[in-house]
Amino acid sequence: MVTKVSDANKSLLKVNNLSVSFDTAEGSFNAVKEVNFDLKKGETLAIIGESGSGKSVTASVIMGILTCPPGRIKSGEILLDDLDILKLSDTDRRKLMGSKVAIIFQDTLSHLNPVFSVGSQIAECFEVHKNLSKKESWKRAVKLLERVRIPNSSKRAKDFPHQFSGGQRQRVMIAMALALEPDIIIADEPTTALDVTIQAKILELLGELRDERNMGLILITHDLAIAAEISDKVIVLNEGKIVEKGITKDVFINPNHGYTRQLMDSIPGKITKQKKKMSKKFSDPILEIKNISKSYDTIACDDVSFNLFPNEVLGIVGESGSGKTTISNLILRLASPSNGEILYHGKNILNFNKKDLFNYRRKVQVVFQDPYASLNPTMNIFDIISEPLVIHADFLNKKLHQSKVSDLLISVGLHPDDAIKFPHQFSGGQRQRIAIARALALNPEIIICDEAVSALDVSIQAQIIKLLLNLRNKFSLSYIFIAHDLPVVKDLADRVIVMKSGKIIEQGVTDDVFNFPKEKYTKDLLKASPSIENLIS
Amino acid sequence: MKLKNLSFAISTATIMAFGSLFSPAYSAGKDITIVIAEEPDIVDPCEATRSVVGKIVKQNVTETLTEINPADGSVTPRLATSWKQTDNLTWEFNIRKGIKFHDGEDLNAQAVVKSINRALNPKYDCEIRTKFFGNIKLKASAIGSHTISVKTESPQPIMPALMGTMTVVSPKTQEAKGVRDPKGTGPYLFNTWTPGQSVTLKRFDGYWGDKPEVENATYVWRNESAVRAAMVKTGEADIAASIGVQDANDPKMDFSYFNSETSRLRIDMTRAPLNDIRVRKAMNLAIDLDGLMGTIFPKGVVKMTQIVVPSINGHNPNLKPWPYDPAEAKRLVKAAKADGVPVDKEIVLIGRLGIYPNSTEAMEAMHAMLTEVGFNIKIKMMETAGWLNFLSRPYAEDRGPALQQSQHDNNNGDAVFSMFNKYACKGAQSTTCDKQVDAWITEATAATGTKRRNTWRKAQKKLHEEIIPDVQMFHMVGFSRVNPRIKFTPTISTNSEIQISQVKFN
Amino acid sequence: MQLILEKNHLVNKIRKIFSMFMNDKLALISIIFLIFMVFLAIFGPSLISESYTKMNLRLRNLEPFSFDHHFMYFFGADALGRSMIARLILATQNTMFIAGSAVILSMTLGGVLGLISGYYGGTTGNLIMRMADIIMSFPSLLLAVIVLYMFDPGLLNLVIVLAFTRMPIYMRTARAEVLEIRERLFVSAAISMGASNLRIIFKHIAPLTIPTLITIATLDFAFVMLGESALSFLGVGIQPPEVTWGLMVAQGRNYLQIAWWLAFFPGLIIMLVALSLNLLSSWLRIVLDPRQRWRLENIGDKSE
Amino acid sequence: MRQYLSKRIFSSILAITGLFVVVFFLARLTGDPGHLYLPIDAPLEVRKEFSEKHGFNDPIYIQFGKFLGDLTDGNLGYSLRKERPAIDIVLEAIPVTLSLAAVAMSIALVGAIFIGSLAAYRPNGIFDRISRVVSLTAASAPDFWVAITAILIFSVSLGWLPTSGIGGVPYWIMPIGILVIRPLGLLVQVVRGSMITALSSDFVKTARAKGVKEKAVIFKHALRNGLLPVITVAGDQAAAIANGAVIVETIFGWPGIGKLMIDSIMQRDFAVVQASILITAIVILSINIIIDIAYAVLDPRIRHK
């Protein structure tokens, strides 16, 4: 009994003074600086940080999969059962990987080998560590798939990663990590790419398994809400350093460090109050969407109707496959609907001739989700922002382009000198600002933001949203703001449309929808999004 | 016991198999291997005047009625023992008795007539007909069991020499179509032909003449001269017929010999500025033939004065080769220019790739020397088919002035095989038309003896001195490499035939 | 100010490229060698006196590495007694011209056809790709031989034939790239701005395919040189008195036993140029692949 | 997949047809073969009669029509030179080249996978640098020059190998060696490149995190993925190796399709040119289709498309 208690208190994993640096042309920089933490049985440790904070590097070091070079472990020890695994030989260390400690990655499509069946990839664990026969290993793999609730598991085991949905692949990953019943599971952003409802299920499964096997769980995430929901302890990393550390509840209720507070403030759903001041005068709609339908292989959008009014922010929310991007493409005339009409100031844009369409394109601009893909990497910022001006040559004298671009850069919070740089020299948030500057170039009426902030870190997200709101006031714009993330929409939108499987499920004024959802699906969505409030209250 | 035997057999077989795998097939014993430049596409004796076919079948598998002595052009008996001219248009040949073909048929007058008719059948484009008998209307008939008569529409004083090209094949040979397994009377049977790889001949025990030493002869072919030479050096082959001068670097095994070829640049005399005699003279004077000998051309070549080699009836020994006199050449060019001859006009030098070893360098050298005295020359090297388009009539109407690298092979004893085609007004490759020369050619063709010889010589002299239709170059030599284990001396006829029966072992 | 900044940027860029070269010594040597060869191709022929390119039968097959004659005969002389050095320099110009123009021609034509095929798709696109299939389903050497038998093997025809046989690779690559790039967001962005098809193809898509095409082209330059020499071997290459390295090797092969240097030196140069291009191309491939670029950036760091 | 394959086969047939028509006309544009069949000194009348008899004087479209007529009877033409059906000649030659190419390609592939994987394991390591320079140097030399030099060294000077010809293993060494170097040099680079990519992929991290042994990481997880681009390039090399075969067969006297094609083009033996081009194109396109299938076997993502 006594031993058991001491056993329970013993650290499974202890990381002492870990420092990691990377060598690049600009010099070497420290990705992880003197990081310390420990993990006990049955405990969940959340490592929180934004991109580049060193959280994934730490996980790689523990798993022995840091790419060296360019990575280099400068100092520190990692004690696994009092054994410093950094000092072990490759062979000895390999024996621990997977059996003592296992990892679940974020991007499951690239982390699963595309050419082997999922069953064989799970079975490999048994073959490598336990020397089991192929048949026996396979049997166990099927059982594991069953455990993580992959339906029809004996058959699905033969399928390949690409034949699974994102949520299912994450389950496969979890099954693989569970295979050898490790003491510790590291989950590196396990739900980032998933829809909220699926995210909730995966997190639930992880918690369940942790309790069932009394494992230690390290959850690496950028999402404070997730950390709040599931973890016991939390460490906050910023630029490779631990800035805050403690029991989850304590940290969130009473953050000590400025950075933690800043993160907490950036959580969407908090800017709400500022927005309310806007008074709305309902006039004629700029855009009327009437009964549009569009189908590709499946129905992408089915009998959708809504209006957009001047100076309004309209949020469209839905999980992947709900048809929200299709709507954006239809409005942008990147695709044509199979049915219905889209009226712009009362004129059907589908009947536009070349010239009308050209003028329409001047008035309707877009900001896409992925700021890495939406800017042409071979063009410099001046060329990118001035491109709409070049295309619509009558809009502005060529001599004035230079000053116009400077103005635009200033209005999105960048410096005019940035004009000669190239996209790859900017961070994600800055690129999104550039994309917004480009959208503003022609003084448009409408900007469609297609998941415009989804790929950004929370603090950046908050900045961009603020920027969008300011710009709306300044230029009297209307936005169609498309997102899968409900809190973000709550911050920004005057009205919200909830979509599912190509249909509008619910629409209404933002606060009404969020506070008094009518449809079950809306309720489910709201329930599934993790939030800190639960923890604090 | 049985098992032991079996294992012994297997191991022996294995060793033998590996042995044969790992040792190159060196020729040994009484067998020889001959490597030639290209694969025969057909081996019909009717094509035996083509050098690739001739090297295999001529006088080995099939024999001709007469044979031409390469040394002096005289005609000697082979399957015909004797012949006589009965009237202006008729010749009689007596056929050797007691000879059997490889397939057991008897050689008699009927068989010979059949063989001649087969060769001259217009349905079959066999080379004996297209090259030698194309213009001759001929009727052969048996007038005794072993005597035939040959009647022509026009006098053919050199009929015995012509019969030196006529190969005799078994009467059972298929008509109007080339055969791939020829049956003749020669000392060797045509044994096997593996397309792409080799042809083998086997000694014919029923041969009427002396029994040759070589039992089996294998022919293989390699395009590269260096490879052919290397094969004899390594012992993989015994005779490499025709290798390049640069590969003939081992005096112990390499032979050089006149190969009956004469090399020249044909001048297209119909086009200015080449229609001016001073220009043609200047061209001949511009060439440093001595400088080319032993450098680009082999040492043994002889400066030509006429199209035929000295052993041919009709060769004029009194002609002097052109001297090298670039100053005079320049003067002539200047003079011509002064008279308004467009000497600056671009003249195309049409060369043929691989017509003889170093053919491209030779043209580069000619180009350099002609340019030196003030001509505007452009080289155009072509492969055979393209080159042929320029060589023979009908010529293109819109052609410009041209020199054409060409080489002529006459080892058939008489100048008639050269003169008409090259220099008569209607000659297939002639660009000159001189009434006097034309008359002499007609006259010599019909004449015999001294008159024939002298008429040819008159024509040669006039062509050389007054007409100048060629930039004269060399009577050429060829090189062959012979394995020291055999005794075989290549001669002027090695180009067109390799008589295996003459090969002896050391 | 704008100008100064731009200039600085350019300087930085050049400095960066230079440091990337410094980090791959093989690539550095390659580029220096290639620049030297280009220099030779452009200025070489005008620097050599005519007398060295003239026939001089006294010096026929002069052995190399002897100081008895002018240094121009240091690499020996050929079968007509012409200085090997002079011949090699003359050949540099022709070879570079033929290979260079063939590569540029096939890259441009193939690239544009591939762009069109990829961007527009449909019947035109398919037709273009079938054309590539036809060219690729047949040994290019033989195609070149047939065509050169038909037309003169002059400089221009040679370039056209060589370019033609190398075209499919650019067509396929460009098309594959376009199919991918076409789906990228910045293309959608450009369309929604009202950009014309031509603008999208040439301003947005083409610049992104160029690095890949250039990488292939560097390699192809070597292939074309070797292809040209194979044509010379078969007798349909460039015609004398013009000369290329390939022709020199093809002619010199006959003399391998008595004058090895005739084929050796041009062969060596072909090999060195091809090798340099290969090394340069693999350097380019790394430089152009952001995922691999650190390999070059990072080595320098250590050596400093 | 099946639909893709049938589409692929259809387009291949289209390509072959196109090629065939092109070659028919191209070949005929190279000139009247009569000159070549007949001796240089053949009289004009004989020449005329010859062209008349074999239809070379007919307008080209009539010749084409005749040819199509024969083709529908399954007759690929008759070699005037060799007096045999062209197809027989081609079918004799094709196994020689195929075996030559198959052996060369297998050696090149296996060698490239081995060398390339090792080079990729430590990019810019000493093995990588050496293997890169050596393989690229070898691949950069004109092959005919290497071939003749090799004969002079290995056969004439050293006497280790036969100079040329067909026979047992020793006869294969030089031709194969010459044929192998270029694809080997190229494939080593391709393997190296794709293995570097594969080895830095995320799934390799997963495998390592599972504790899979390094050997299995390279040769199971990475190689299986790294092979995919290699296969494509290997397929493109099929036509390139036919180029090499032309040279190698000419020099070493192998009676393969490469030499046959060159010879018959030079002799204007149109029937053989056409038949050999047809067969070669069919072989090359079949290889490409086989490679597509291999690709699908190796990559389930393609298989399920």
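Just so it is clear, A, B, C and D label the chains in written order, and each chain counts residues from 1 on its own.
Note that in this section a residue touches a chain if its C-beta (ideal position, glycine included) is under 8 Å from a C-beta of that chain, and two chains touch if they have at least 3 such contacts.
On a predicted model such as this, the values are computed, not experimentally measured, just so you know.
Asks: Is the C-beta contact count larger for A-D or for B-D?
Replies: Higher C-beta contact count between the two pairs: B-D.
Asks: Averaged over CA atoms, how far is the centre of chain A from the centre of chain D? Could you give it in whole Å?
Replies: 50
Asks: Quick one: report the Å distance separating chain B from chain D, using the average Cα coordinate of each chain.
Replies: Inter-chain centre distance comes to 37 Å.
Asks: Taking the mean of the C-alpha atoms as each chain's centre, how many Å separate chain C from chain D?
Replies: Centre separation, chain C to chain D: 23 Å.
Asks: Between chain A and chain C, tell me the centre distance in angstrom, where each centre is the average of that chain's C-alpha atoms.
Replies: 45
Asks: Where in chain D do residues touch at least two different other chains?
Replies: 30-31, 148, 152, 200
Asks: Using the touch definition from the top, which residues of chain B touch two or more other chains?
Replies: Those would be 224, 226, 383, 385-386.
Asks: So which chains end up touching which?
Replies: A-C, A-D, B-C, B-D, C-D
Asks: Given the complex with chain A, which residues does chain D contribute to the contact?
Replies: It comes out as residues 200-203, 205-214, 216, 221, 224-225, 298-301, 304.
Asks: How about chain A: which of its residues touch chain C in the complex?
Replies: Per the touch definition, chain A meets chain C at residues 23-25, 27-28, 69-70, 329, 332-334, 357-358, 361-362, 364-366, 368-370, 373-379, 387-388, 391-392, 402, 417, 419-421, 424, 435, 438.
Asks: For the complex, give me every residue of chain B touching chain D.
Replies: So the residues of chain B touching chain D come out as 20-25, 38-39, 41-42, 49-50, 122, 125, 127, 129-131, 134-135, 177-178, 180, 195-197, 220-224, 226-227, 230-231, 233-234, 236, 383-386, 388-389, 391-394, 417, 421, 428-429.
Asks: So in the complex, which bits of chain D are touching chain C?
Replies: 11-12, 14-16, 18-19, 22-23, 26-27, 29-31, 123-124, 129, 132-133, 136-137, 139-145, 148-149, 152, 189, 193, 196-197, 200, 236, 239-240, 242-243, 245-247, 258, 261-262, 265, 273, 277, 280-281, 284-285, 288
Asks: What part of chain C is in contact with chain B in the complex they form?
Replies: For this pair, the touching residues of chain C are 54-55, 57, 60, 79-81, 149, 152, 235-236, 239-241, 251, 253-259.
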